[in-house]
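Both of the next two complexes hold chain A, though its partner changes from chain B to chain C.
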Partner chain A sequence: MPNQNGKVYGLTILSPIIDDETAIPSHDLQIRNYLAKLPTDERSPFALAPATHLTRLVVMDDVIYVGMPACEEHLKSKYLIWESNCDGNLNTYLTGLAASIPEHLDAIWSHCVGYPGASNLQAFIDYMKACQLETTFFFAAVNDKSVTETLRALQTQRAVSDFIANHQGMDPARLQSDFNQFLTELNAKPTPRAGILTPYRDIKTGGRNE
Partner chain B sequence: MSNLNETDIQGFVLRGYNMPFARYLFLHFEDAARAATFVHRLMGEVTTGQRWDSGKPQSTVNIAFTHRGLVALNLPDATLLSFPVEFQQGMKKRAEILGDTGRNAPDQWDELWREDNVHAWLGVNASSPEALNARCADMLTIMRETNGAILLAAQDAAALVFDGIPTTKEHFGYTDGFGNPDYLGVERSVQPGQGKLMPNGTWAPLATGELLLGYADEAGELPVAPVPHILASNGTFMVYRKLHQNLATFRTYLDEHAPFYSGGKEKLASKFIGRWRDGTPIELSPDHPDQSITQDPNRSTNFTFSADPVGTRCPVGAHVRRVNPRDAFGFDGKLINRRRITRRGLPYGTPVPEGEPASDTDERGVIFIALNANLSRQFEFVQQQWINYGNDSRLGNEKDMLLGNHTGQGRFVVQGDTAGTNPPFVCSNLPNFVELRGGDYFFLPSITALGMIGMGLVDPR
Partner chain C sequence: MSNINGKVYAMNVVTPMKPWKTWLLRALFFALWHIKPLQQDLINLSFIEFARWVIIPRRRFPFLAHGQAEEDLQYDYLLFFSNFNGTWNQYIDAFSSVLSRGLNLIWRWSEKFPGSVPITPFKEYIAQVQFDTDYYYTAYPYATANDLKAAHIVQASLDQLAQQANTANPQQFADAYLHFMLQVQAHLGNTGEAPLVS
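Entry: the complex of A and B
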């Protein structure tokens, strides 16, 4: 099952964007505009909804032939590409999205041909599956752990590393009592919400440097 | 390939002059024609890469221009617009990309660099203060006689003298200046560990185009360069950064943390950099400094990290391992051959011997000068990804211990083993040991290109 790698599912969806020359701005631009303004931190729709490890939405206008001699060729349509590393099963994942962020899904996909809306769950799932391509090979963002397990592991890693940094050279008896207390507190902590563990980086990335 | 035309390349590009004194003059051009006359007059002064068969000179002169300087020289628009974007923007506008934010942000820089007035860098190196003063006086005479350039500021730099002896140490006490890459065609005694690692474990010079414009680089391509080709060829790009060192902060941090590290203070200091303070690579000699290694060019830079994957000898985040990971990322080291830079420059300010009171506020630091064919791919990548980020080294958001822009949040992990003298250790709440006080990107042209600029012959058609 090439879409599935252990517990993780590699989802690829290509949705044709509505071609309507009377629409101003065009539907692809409306999608671009909406996507560009989405938050990427814990307020991201994919952080609010369950089960996404990593996701990307891209508007593909056309393909460009790079080579010599140049030749002109075109796609039949503009496409919205949606790629997601998620906890699979696909039905559960799509159901979770439709339940938690229907307004975002509708705002994005209403510009795509044949989109039925997220309120009709079965139609929504059928639509997404009709647009699905087999992923075959994908970047495994995680080592076969669910989103919840990963968030929990990051929380533990950070807490343990802080604990070590703050307890170097400490008297063993005190260390043990502190550790026991630390363990109790850590176990009692709720699993952090998706997106909040990423520290703020005041560096501009992307482009040719990376 | 045959040797390069050394008489057409500025000497500063091909060799570190190994002179203990330097003064960097920063110039402003008011009038394009007079500035060109100044450049023309200067041609006879500029030190080329020609061999010093008749003995080393007492002083050297080199020149480089900011993009604003080339605009002030009235180069054709078609040429000015053909320079790479990062050079056109200058270092200040690249601050967010470089992580020059917070205490390193341009609004914290020296006044010279907060303004956008620097048009040229005139680098004078000398073997004595007298020779330095004499040569700088000559430069001022040329500036005055041609009325072609205004001196905005001068930055002195010099080898630090400890116990009466000039050293290659910087203010934190580390011996510096070991590792510059070898390049194809550059006549220089080749040293193992300084070029690129070959699959059979030997070292070979990097492609010339990693240093000089107009030659094939490691990808077999010509580096992005301005038109006309002859303006770019045999030139390079120079990064100038004034890096202030908070000496009191460094010494206090080391003194406060060393008692908790059972390897001892000097070993902890060595873990920060990856070399003992005398320069011995800890990858080769993890337990003690060894002068027989530092004095032997066949050994002092001849090491790799693949046998130390978790960093028990040299920490994964140690400075030398971050900025030149050698084979640490696998693939026989091929991933780093397009990320190498050549370093020049000297410390500035008065050294303070260990044990004497030091302050953070004294003017003291390193004038960091780097040369590379592609600012974005080489210097900027190293600064962004390897100094101010840790992902390539699997260190998450950790930054370089000494150079990172930590803002008090940073963490540096010393990996260790079960030996009592090599324990794992975590340095946290890192302050900024080093702060940026200004600088810019410069184009360091060939002698031919200087002539074209000086005679108004730059023609992109």
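Entry: the complex of A and C
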């Protein structure tokens, strides 16, 4: 099942964009305009909705002619490519998006042929599946962790670095007591928000590559 | 438009293939998927977070009616999407140096593919068939693929140590803590903003 690699799903959607000579600006340009203004950080729609590791949207105007002796050919439609690397199965993922960010989905895909809107969940899922392409080969560096698990692990990594740096040479009883306190505080922390950039920490590790 | 978000770069490549050749490529991917040791070079290129290849047969472009014109193509198309850390040049250089045999096996079926070595025509080809990304999002823009792997190692080691934290006496805990530090010491690299690249 090449769409799935471990716990990660590789979604590839190709949605034909409406070709309407009377639309000004054209529908593909309207998609591009909207995407250009969409935040890519923690305010991103994909950060507000659950389960997206990485995703991209690309307007494909045409296929590329690579030169003689290849044949020159052109697409009859422009396509919106949506590539997403997400948790869980496809139905759960699409349902989560439709519930969390319907206004963004509608703003983008309303320029595509046959898009039914996110308010009709079953029609929305059916539409996306009609536009889905089977992934031929899908590689994931980490394929057994969810977005939440990864965000928490990155938070843990930073906290552990600080804990170790601050507890060098400490006597065992104090170390154990501080560690238990550290664990309690770490577990109580909320999961970091997706898409956010962590502040720069000016730490000196003394590694051999520095 | 941006191909970059934090420490990741989004690459989109689309190349035409004669339909009879796509079956050979499908067989190759089938082998690559089922024989895990064949993926070792890809895993060793530890700056790739996610990558995928998608073959679109010439008659399988999504057709939804509603006035959409049906495609009439002679070629199948190979789509390649990669999410990698570093710059475009570093990526292509590394691909060419480390994976040249594998790359040639995958793209040799595409029209006019010049081979991944020498590097100059290879880069010219990729630049010709690449699309820019209109929107790119990552849940963890401050982390690389190696950071992700390292963070999960730290988390797993911490979870193990946590099980002993309440039941062990102080000396036993100190020994376990020392063992924990040995496990994680190579995985505590700093994450943060990406360096500026030109």
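The working rule: the second predicted complex is superposed on the first by the 178 of 210 C-alpha atoms of A that agree within 3 Å, B and C clash if a C-alpha of one lies under 4 Å from a C-alpha of the other, contacts with A are read in each partner's own complex, and residues count from 1 in each chain.
In this section, a residue touches a chain if its C-beta (ideal position, glycine included) is under 8 Å from a C-beta of that chain, and two chains touch if they have at least 3 such contacts.
Computed from a prediction, not measured in an experiment: that's the story for all the values here.
Contacts of A:Thr191 after superposition: neither chain B nor chain C is touched. When the two complexes are overlaid on their common chain A, residue A:Gln4 makes contact with neither chain B nor chain C. By the document's definition of touching, of the two partners only chain B reaches A:Gly169; chain C does not. Once chain A of one complex is fitted onto chain A of the other, the partner contacts of A:Ser77 are limited to chain C, with no touch recorded for chain B. In the superposition on chain A, A:Ser161 contacts both chain B and chain C. Of the two partner chains placed by the overlay, neither chain B nor chain C lies in contact with A:Asn91.
Touched residues of chain A, counted separately for chain B and chain C, are more numerous for C. On chain A, the surface patch touched by chain B in one complex and by chain C in the other comprises residues 161, 164, 199, 201, 203, 205. Against chain C, in their complex, chain A makes its touches with residues 2, 8, 10, 12, 14-16, 19, 31-32, 35-36, 38, 40-41, 44, 46-47, 52-60, 63-64, 66-67, 70-71, 73, 75-77, 79, 81, 83, 85, 113-114, 130-131, 133-142, 145, 147, 149-154, 156-158, 160-161, 164, 171-173, 175-176, 179-180, 183, 194-195, 197-201, 203, 205. Those residues of chain A whose C-beta lies close enough to touch chain B in the complex are 161-162, 164-166, 168-169, 199, 201-205, 208-210.
Across the complex, chain C meets chain A through its residues 1-2, 5-6, 8, 10, 12, 14-16, 25-26, 29, 32-33, 39, 42-43, 46, 48-56, 60-75, 77, 79, 81, 83, 111-112, 125, 128-129, 131-143, 145, 147-152, 154-155, 158, 161-162, 165-166, 168, 170-171, 173-174, 177, 181, 184, 187-193. Taken in their complex, chain B has these residues touching chain A: 96-99, 101-102, 259-260, 376-377, 380-381, 384-385, 388-389, 397, 409, 411, 425-426, 428.
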